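See the structures that follow.
You will see two complexes here that share chain A, one where it goes with chain B and one where it goes with chain C.
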Partner chain A sequence: MNTPKADPIKPRVAVHKFSSCDGCQLAFLNLGEELLTLAGRVDLVHFAEAGPLDPDTDVDVAFVEGSVSTPEDAERIQHIRAHSRLLIAIGACATSGGIQGLRNGVFDEGWVAQIYSHPEAIASLERSTPIASHVKVDFELWGCPVSGPQMLAVVNALLLGVTPRDNADKVCTECKQRGYPCVMVSRGIACMGPVTRAGCGALCPSLGRDCYGCYGPAENANTDALAAQFKSQGLAPQAVTQRFQSINSQAPVFLAAADAIRAHHHD
Partner chain B sequence: MLSQPDQAGFLPLDHMHVLVARLMQLGYQCLGPAVENGAIVMRELDAPDGLPRGLQAEQAPGRYRLTQDPHNRYFAWANGPQAIKPQTFAAKETLWRVERDAAGAQQFAAVKPVVPAQAIIGVRACDLAALALQDAHFLREGRRDRHYAERREQLFLVAVQCAEPAPTCFCASTGDGPTPTAGYDLALAELADGFVAVSGSKKGEAVLDALKLAPATSQQIEAARRQGVSAAASQTRSLPGRTLRDVLMKRLEHPRWDEVAARCLACGNCTAVCPTCFCHAELDEPALDGASSEHARMWDSCFGESHGHLHGFNVRPDIRSRYRQWLTHKLATWHDQFGRSGCVGCGRCIAWCPVGIDLTEEVAALTASEVKP
Partner chain C sequence: MTEQLRSVAIHVPVLARVEGEGALDLRVEHGDITQLRLRIFEPPRFFEKFLEGRHYTEIPDLVARICGICPVAYQVTAAQALEKLFGVELSPWARDMRRVFYCGEWIQSHSLHIHLLAAPDFFGCSNAIELAKIAPDEVRRGLRIQALGNELMDLFGARSVHPVGVRIGGFHGAPSLARIQIMRDKLRAALPEAETLIRWAAAIPMPQDDQAFVSVATQHPTDYAIETGGVGVSDGRFIEADAFDAHFAEQHVPHSTALFSTYHDQPYLVGPLARLNLNHARLPEPVKALLAESSLALPSRNLFHSLRARAVEILLALHEALRLLDAYRVPDSPWEPVTPRAGIATGCTEAPRGLLWHRYEMDEDGRVLSARIVPPTSQNQGRIEEDLRLSLLNFGLDHPDDALRLHCEKVIRNYDPCISCATHFLRFKLDRS
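Showing the complex of A and B:
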């Protein structure tokens, strides 16, 4: 039996950035000592935030942060896909289009002129879209930002040659496992936990706050039932819409939830 | 708890700390009520006089709000989001580890849980009934779960009679409360000036003996008995007293399942707060250096996706089938497994459901004599 240290060839890994805030790359960097352990098992060929720069080389695994938001993004993702054995989208921007997806459907050239002194320097697509709407994505890791333990689990699974575990259960499961009482019940606040993917460790509810859905839709997310409950807790229709139109506004389940509320209230 | 009134003692109200001090002296980590995130949870007491007074909570479907007991009692609250379950069936724990030795061979080793001796002060009759059901599952002959058993053996349970059940409570209808009858080490009934106290085990008897309490008077015992009767009478919700196994299993295609599925979030909160739910998932957590791995188990829920996964397909892909699984297991097929229903009437699934789905209401609709088309 082989010892694990005897990796004959280290997998080559790249971390790419698209339209994003770099927060998901920081989830990697914030791993600290664990990142060093990891660096010993993989060959990190491209990771601008950390140092190595070689964006064009062939890799075994490409992590992609950010959404496709500019014409240049749209070209570059094709190139990366062609040079990567596995492509993993990380974070809300890469999986749903991110906060910048709020412009989708309401984009107006006039805004650019109002905001930037040299609007001609801005090359922006009308829509911000997730990586999977451009190329085949092998695995998606949701979150804004993704968490360090999630990233480690994915890399570890790949190193062991198994499919990473995709936990699409609700944030509520993490609240209960950690012993946090439900803030929706004990405080009557509009928590997105019951429709949101686990992965964050129920960070906001642990601080007595409501989840705001930054990990995107969970499987079997009953957004109609949650929206109805928000309304009965006293939220105006527009406020309910905004709960679903935040970090992951373009995730189809959240978008449909917001559209359904708008259709009922014509606001 | 009042079946042997001649052995009941009386602990004056201002002597509660003497009982806690005794338990601490015996080496128990003492858990008592505390407030966290707007709810009453069980946390370690830092001093013998650390037990709070006056806590109370208003409960309704999907609603829990802390209030103040006008009589400043110790145990005027009905319950919080968790019973004893987190202390015995850990939300997540490692079962075994595997490591590579110098020769590269895999070595497996069981991981023994590190468990402090714990005394839980403020356990309810419904919690004890639920614990008995968890015992039946985890300590079944020939399939004794070592991790559960280790934790279970370390417990010292101080039960209290419920004087103020919540509107969500229905333990009287399931026959599990509100006065503790078995399964405790000590049981208390709180009166205006102190506690009627009885022991239910050798351990409890030794603690009670050391306190050298005056015997409870017949008036005090009668007051405690009446308090239990009136607490039972005050409950407004109920489940039918008969076995629901056959009626529910005949209604697996009832339209009510679709109706409840439209409201259910499938968040699994009901299963997590349910003191009898015992489903778990197992997962492997390999170390980053590739030299070892831990095999853990954690709470799972029939409302989650992976719970229904079989090879190649999911037996419960939608919310309807998950809610139906939960309710029919709890109230119907539990009878086949454990000889009784899996519901002890604590009402947690009602209060802690974010959208306030009421189990008793669903059962009433499902079992109504006329099945609506």
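Showing the complex of A and C:
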């Protein structure tokens, strides 16, 4: 007879959702058979889309997808923070406010009334904001969406007790590493790669198209130079602004870039 | 007569194993259902508003973000609508590959739903990880099929969540023949797995139910409609995408939780079972044969057949992808040039969860003046509440609370509600005495 082995203590993990498309949680659900391996290594205590429901329990790691966009969200994130040893924001919504951040600054009651005939029934904040605007975030994983390998690297780092590594370099470096021809230089396409954070593996240039900034701003991003480049390629000011005002419109660097273009245009 | 009747109130604060966030309130008083509400608290994201002013070239990347599980549906529907308005004729290559790309999403989404979201209910498990302990081979098979669907999407979109390959006029790039050959081998190898999946799904004991409802699905003259077609209705009507508004209405009712869609004032069903009900005669022969073997009488009036319908559609999608990739060649150009035009663009396709309809009003520079998106879950909303009411009465209200709650959850999961893709589902606060 085998003596029963004591279960090693597995880290308790929660996955929470705020305003989002659910795509970043899919980094877990799309792991394929590795999902079962992961489930053997951590204790998934709360992950509503996968089944386990226990939003109130204390956990070692909480992964948070989505942005804060309702009054109830703003309370819920405080509760989650209070019950989590580590809180990791995953994806563009959680790190920059996401695509729904496009309403920030332009939202008014008319928006609601144009879609809903009973706007009084809608509880929505005027701004969609990232998790770090509300609570301390221990680690941010950028990307729309984050990828499975990115997520596994974070989980593995945490299981090993080391700080997850973060690559804030530019998409351009990934293009060069992979030997993709530069779409801006060779084809005159207005590519966001020079200011966008690495992590996707330069997927868009691999198809011969422009990066559209879904991983958010890279470190030391020279947005002024890129805006000038776009302009010299013949883009109208509105088009240049929209390059920066897309998936990560509220990331401070992209917001400042868009404001600078608008200010310059109005001068 | 003093028959003792219970009063129960069931509140499921968070529905597990659905995409997005929703809750259910049920009140039974004196043997009658006095309140039944599927509450959606997915915050509104106002996609239709911030699409305004955007250039047509950006639309596929923006609308993908409505839903992480079915981004292809949003991209392809938008592309179809705009290509029609701009008078762009897709190359035969691009037309075929749009269907292959979409098949990847069906395979991925359906297998995810069957194994991770729906099946655990029918084995007394609360999630797929528990199910994997009693049915490890079946769950692993399901995860493999799901992964293959993702790979198929990767092939054309470079990633499966928010793929980046679709452009108005075709695709940005074309995969090499070498990659297609590898994919063909994988698809061929998956066929027997999908056949076993259909037999397994058919053997899962399901509740008996019999309800009258209207089925609505995209229809095509020869193919099992996925990425193109008009809107077919089980009453025999066929509606072109640009006439959708004349037959379907969306209403925001303050005492309900979502925009309810109706077809001539009645709720209706969209999704895999509606499609199978309307389009089963257009399935490829090998799929038809397997369906005949499982003695599923069509049209079905039991929504619990939805899980089987998804399994059948996985096999269909594998066959279709394989058929179209067998003739694969690398095109001279993966896209046709596009010149924008002002006007109204409408399009519809079959998202994994059902009919998806888009309407864009465009200016002459190719910018959006206004947008409307009618996703499948909002169309099913009225039908889900009607179904819950009928199937609860059929199930029997004197079951213990937990059994009633579980039954409601099973009914809701039949529809695979994709709450985050319901662009204008809303939080609802009831405040009345």
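As a convention for this text, the second predicted complex is superposed on the first by the 259 of 267 C-alpha atoms of A that agree within 3 Å, B and C clash if a C-alpha of one lies under 4 Å from a C-alpha of the other, contacts with A are read in each partner's own complex, and residues count from 1 in each chain.
We adopt the following convention: a residue touches a chain if its C-beta (ideal position, glycine included) is under 8 Å from a C-beta of that chain, and two chains touch if they have at least 3 such contacts.
For clarity, every value in this text was computed on a predicted model and none was experimentally measured.
Superimposing the complexes on chain A yields a three-chain arrangement in which chain B and chain C fit side by side. Of the two partner chains placed by superposition, only chain C is touched by A:Ile247; chain B is not.
After overlaying the two complexes on the shared chain, residue contacts for A:Cys24 are found with chain C alone; chain B is out of touch. Once the two complexes are laid over each other on the shared chain, residue contacts for A:Thr129 go to neither chain B nor chain C. In the superposition on chain A, contact of A:Gly208 is made with both chain B and chain C.
Applying the stated contact rule after C-alpha superposition, one finds that A:Ala239 touches chain C and leaves chain B untouched. Once chain A of one complex is fitted onto chain A of the other, the partner contacts of A:Ala168 are limited to chain B, with no touch recorded for chain C.
Counting residues of chain A touched by each partner, chain B versus chain C, the larger count belongs to C.
Of the two partner chains, neither chain B nor chain C is touched by A:Ser96. Panel annotation: after superposition on the shared chain A, the angle at the CA centre of chain A between chain B and chain C (CA centres) reads 110 degrees, nearest 10. Remark: least CA distance from chain B to chain C after fitting both complexes onto chain A is 9 Å.
Chain A residues in contact with chain B (one complex) as well as with chain C (other complex) are 208. Those residues of chain A whose C-beta lies close enough to touch chain B in the complex are 1-5, 34, 37-38, 40-41, 152, 156, 159-160, 165, 168-170, 172-173, 176-188, 191, 193-195, 205, 208, 219-220, 222, 224-226, 228-229. Put simply, chain A touches chain C in their complex at residues 17-27, 29-30, 32-33, 35-36, 39, 44, 48-53, 55, 69-70, 72-73, 98-100, 102-103, 107, 111-112, 114-118, 120-124, 144-145, 147, 200, 203-204, 206-209, 212, 214, 238-239, 242, 246-247. Residues 14-21, 41-50, 53-55, 58, 61-62, 65-69, 71, 108, 112, 116-117, 120, 126-130, 132, 139-140, 143-144, 146-147, 150, 158-162, 164-165, 167, 171-173, 251-254, 259, 420-421, 424, 426-429 of chain C are the ones touching chain A in the complex.
Remark: chain B residues 36-39, 41, 62-66, 80-82, 86, 91-92, 100, 104-106, 262-269, 272-273, 283, 286, 288-291, 298-299, 301, 304-306, 318-319, 322, 351-355 touch chain A in the complex.
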